[in-house]
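Each of the next two complexes has subunit A plus one other chain: subunit B in the first, subunit C in the second.
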Partner chain A sequence: MHSSVTSLAAILGLGAVLLALPHALSFSQQEILVFLTINVLVVASYRLLTLTGEWSLGHVVIMGVGAYASALLSKRLGVYVPVSMLLGAVTAAMVALALSFPLFRMKGFYFLIGSFAAGEIIRLLWKRFRDPFGGPKGIKKIDPMPDFDIGIYAFDFFEPVSYYYLALAVVGVSLWIMWRIERSPVGLTFHAVHWQDRLAEASGVNVRAYRTLAFVLASGFAGLSGALLAHYIGTINPNSFDVEQMVFVLTWTIVGGTATFYGPILGCVVLTILNEIVLREAGFEQMRPLIYGLILILSVLFMPKGLESLVRGALSWQNARKKKVGETQATE
Partner chain B sequence: MVELLAQTGLNALYAASYTALVAVGLVLIFGVMGVINFAHGELFMLGAYAIVAVYADWNLPYLVAVAVGMTFVGIVGLGMERAFFRPLRDNPLGGLVASIGFLMILQALVSMGFGVRMEHVPPVTQDVIVISEKVRLPVFRLAVILAAVVLLASLWAFLKRTRFGWALRASAQDPEAAALQGISINQTARIAMFIGAALAGVAGALTAPLISVNPHMGHSVIVTAFIVIIVGGIGSLEGAVIVAVAYAFVHTFVTTFFDGVIADIVGLLLLLVVLIVKPTGLFGSTDRA
Partner chain C sequence: MAPPVLEIDSLTMRFGGLTAIDRLSFKVERGAIHGLIGPNGAGKTTTFNVVSGFYEPTGGAVRLRGETISGLRMYEVARRGVVRTFQHSTLFAELSVLENALVGTHMSFPPNIFAAMAGVDKANRRAARARAEEALDFFGLSGLADELAGELPHGHQRALGMAVALAARPDVVLLDEPFTGMNPEETGRMMELMVKLRNTGVTILLVEHDMHAIMGLCDRITCMSFGRLLAEGNPQEIRHHPDVIEAYLGGARHVA
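For the complex of A and B:
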């Protein structure tokens, strides 16, 4: 009872901070905050995919599928933008479902290479077919989110603050759904498929169906994040979703650690702050790939469980101390 | 038509030569160390930049520049082995991810050193062997093909005829048994990494005067190399050479009769089909996968 009250208070407090945050930032920092919010959804969905033990190199391209689908639906067919975003997510999930048939015949680094190849094929299709994908130059002038008024707040999407609130709501709901999925029997089965796939299979779990489910769900959320990105920046092209972007996602995820829900989010937030504050202020912005590459190697070498292992270490140390204090009080 | 086919065949033979060098290096590294080097395309890129620096900027003879490039990239390979492949030996996925990080570092360093724009390498020779009106073979392309054949033949001789070669093949087949026979795993890993990287470097150095040299040129190289080694069967050197030649012909002909992007798509589809139907590749043995 007590712990649920504190966690509720913590969530409300975090919510208040996140709502107030943009007002303490400059315009360009607000823009970065929007990207950060979208990237949080990308890494959280990537972790959902890795729950079953497979690492994909096509996740950013799947995100791009959502972006292209939503951009084209709104631009060509005049679909209302919020609806086209959801349809973008559905398209990404459907493409992932189609890809799962070849890809889940593979495991380990065969899956890794297979997902890389599948992603490259999709990017080459965008590049090759000027109609409808716009070729190497991509899609420009993507319809912005239409402004609307909910009574207490008027959304004006030329302001990053408004888009931030929209993204925060979408990402918040998505994270909550992913959290619920992981805590459900389905989520527990994902873990079983990862750590004990033979045992799970012997217990009657359809391992491949669960792998596919995790892949499709994760891709749907990735597609949603892509749609959010497309209607914010207004221009997308095949290079917006290339290997370099995938390396950023990999780095955030690995630096954060995949053992807990918050690990990759932590990695994304910490590295983005590091990037924007340290690198940009110091004028080293163009060294970002270099530093990300270095961080990726160092964390694989020296911190294989990620940043969250440091947090967990600190927590367990604190718990142990509390326990000790409790024990000494009891003996007194 | 016959002339077009002949000319395309010659172009394919040239593409096959450097593709085979890159793919064989990648297979050698995988065979001995059990890790896929994602930065292999960037080693090719480094070899090409060695030509830009030594041959184009410092005006040293082309062959000297090729030798410098080959050795330099081989040493970079040794550095990679020591820095992350060795500590991550029990974690092949970790090694792969670390090499992805290294790829970013190499691209960034070259961009900072040379700029992101395309580099122009002056032609080494402009002589052309005229076979007929429409079939021409530039002498330089012929030289690249011959160099690749010589390099691959000497690699084959090294692997089959020397003690180091035996040790290398032994540790590729069974690292533990090889170690029990007194073969140093670290040493064979170093040799494999040096040769594998140097082959990628020499491929980049040989082709630099004929292609656009830029910091992101490694991407298409690694995609091609992946297609070749997976279709050929990861770990099979002969398979890599045969498929490199076959793939270069398919790719060149599709490029000539359709376009380059379609050719890339065809290649990647081929890779996926092989991964689905026979993940061990056309020439791989089942137990190594």
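For the complex of A and C:
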């Protein structure tokens, strides 16, 4: 009972901080904050995919599928933007479902390469077909999110703060859904497929179906994040979703660690703050990639289990101390 | 007489030029503890892999209560009531003991993602948990439910492998070398548990090298050699069968 009260208080406190946060930042930092919020959804959905043990190199392209679909639906067919965003997510999930048939004939390293190839094919299709994808120049003047008023707050989407609140709500709900999935028997089955697919199958688990389920769900959330991005920046092109972006997602995930739900999110937040704010403010404009790379190498060398291992260590240290304090009080 | 629960009918499995199983036929009666023995390389584990659906046989058939199950995928075989364990300690080492057993309840309580998101699967989750705890209790693992499976001592890991299988409420369990690496005391305890398991109505087919355990436990024994059926009978018959003695000791007939 006591712990649920503390965790509720922690969640409310975090919510308050996140709501107040943009008002403490400069305009350009507010923009970075919007991207960061969207990227949190990308890495969290990427972790959902890795739960079954498969690592994809096509995740950012799938995110792009959501972005393109939502942009085209709103621009060409006049679909109301919030609806087109959801349809973008659905499209990304459907594309993932279609890709799963060839891709899940492979496992491990072969899946990794296969997913990369599949992603490049999609990107080449965007480049090759000017109608409807706009070719190498992509899609411009994507309809912005329509402004609306919810009484206590009027959303004006030319302001990054407003878009941040929208993204925060969408990402928050998405994370909550992913959390519930992971904590459910479905999530347990994902873990089972990851650690021992043969034993899972001998227990009656349709391993292929569960791999596909994780891939489709993760892709749906990636598509949603892509749609959020498209309607914020207003212009997307095939290079917005190239392998360089994928490498960022991979490093956030690896530096954060994948053992916990919050690991990749932590990696994304810490590295973004480090890269965009600390190094930029410190005046290392030219040296930024070099220092960033160095930090990555050092963190993998000295923190192979990721940033999350620091948090876990701190938590268990605190628990041990609490226990010790309790014991000494008891003896006194 | 009741029909056999499991019937292996002239089963053949070839890998390239190697014939691992050669027209093997035998029947497993309902409620029996049936042993499958033979020298190393006789094809026992391959037989298990075919019966459980891990391999598709080159020829012949496996029938469960008259229905052909050979060629089905492993999870499809499992859903028809045939659940296997693996050699060594194949477990979800990174999951807790209770979670391991919960995976075993997958077939009885299939997870539903929409119910899970809406939070309306509480009854299902409780029932699955009760079933998992029951299976752990059967193998005396209740006190270890929160331990990581990979950190258990070897004997407990083997027991957990069987608890995962039991949590699925199988009709037939295939146990692949359940006594490997156990000391005589642990083996004795495991034998008692197997008799207890059989008495709940489960049919057991096991591959094992520990002759003491096999002879003490089995109602019926099938002996294989080089992929073929060598002999079949009760433990007494197998113990004194000249072909079996020759296969194990190599030309013992001539010496004696």
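In this text, the second predicted complex is superposed on the first by the 309 of 332 C-alpha atoms of A that agree within 3 Å, B and C clash if a C-alpha of one lies under 4 Å from a C-alpha of the other, contacts with A are read in each partner's own complex, and residues count from 1 in each chain.
By definition in this document, a contact is a pair of C-beta atoms (placed from the backbone, for glycine too) under 8 Å apart; a residue touches a chain by one contact, two chains touch by 3 or more.
The model shown is predicted, which means the values in this text are computed figures rather than measured ones.
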Practice prompt. Determine, under the contact definition given at the top, whether A:Leu168 touches first (subunit B), second (subunit C), both, or neither.
Written response: neither
Item to complete: Examine A:Val247 and indicate which partner it touches, taking first as subunit B and second as subunit C; both and neither are also allowed.
Response: first
Item to complete: Check whether A:Leu228 is in contact with subunit B, with subunit C, with both or with neither, and answer first, second, both or neither.
Response: neither
Response to the item:
The answer to whether subunit B or subunit C touches more of subunit A is B
Discussion item. I'd like to know which partner A:Met63 touches here: subunit B for first, subunit C for second, both or neither.
Written reply: neither
Discussion item. So in the superposed three-chain picture, is A:Leu73 touching just subunit B, just subunit C, both, or none of them (first/second/both/neither)?
Written reply: neither
Discussion item. Tell me the contact category for A:Leu41 with respect to subunit B and subunit C: first, second, both or neither.
Written reply: neither
Worksheet item: Which partner does A:Leu213 contact after superposing on A: first (subunit B), second (subunit C), both, neither?
Response: second
Fill in: subunit C contact footprint on subunit A (complex, rising order)
177, 180-181, 184-186, 188-189, 191-192, 195-196, 198-207, 213
Worksheet item: In their complex, what parts of subunit A are in touch with subunit B?
Response: 55, 102, 105-106, 108-110, 112-114, 116-118, 120-121, 124-125, 127-128, 243-244, 247, 250-251, 254, 286-287, 289-290, 292-297, 300-301, 304
Worksheet item: What residues of subunit B sit close enough to touch subunit A in their complex?
Response: 36, 83-84, 87-88, 91-94, 96-98, 100-105, 107-109, 111-112, 219, 223, 226-227, 230, 259, 261-262, 264-265, 268-269, 271-272, 275-276, 279, 289
Worksheet entry | Touching residues on subunit C, where the partner in the complex is subunit A | 52, 54, 73-75, 78-79, 83-86, 90-95, 99, 102-104, 106-107, 109, 111-113, 116-117, 119, 121, 124-125, 128, 164-165, 168
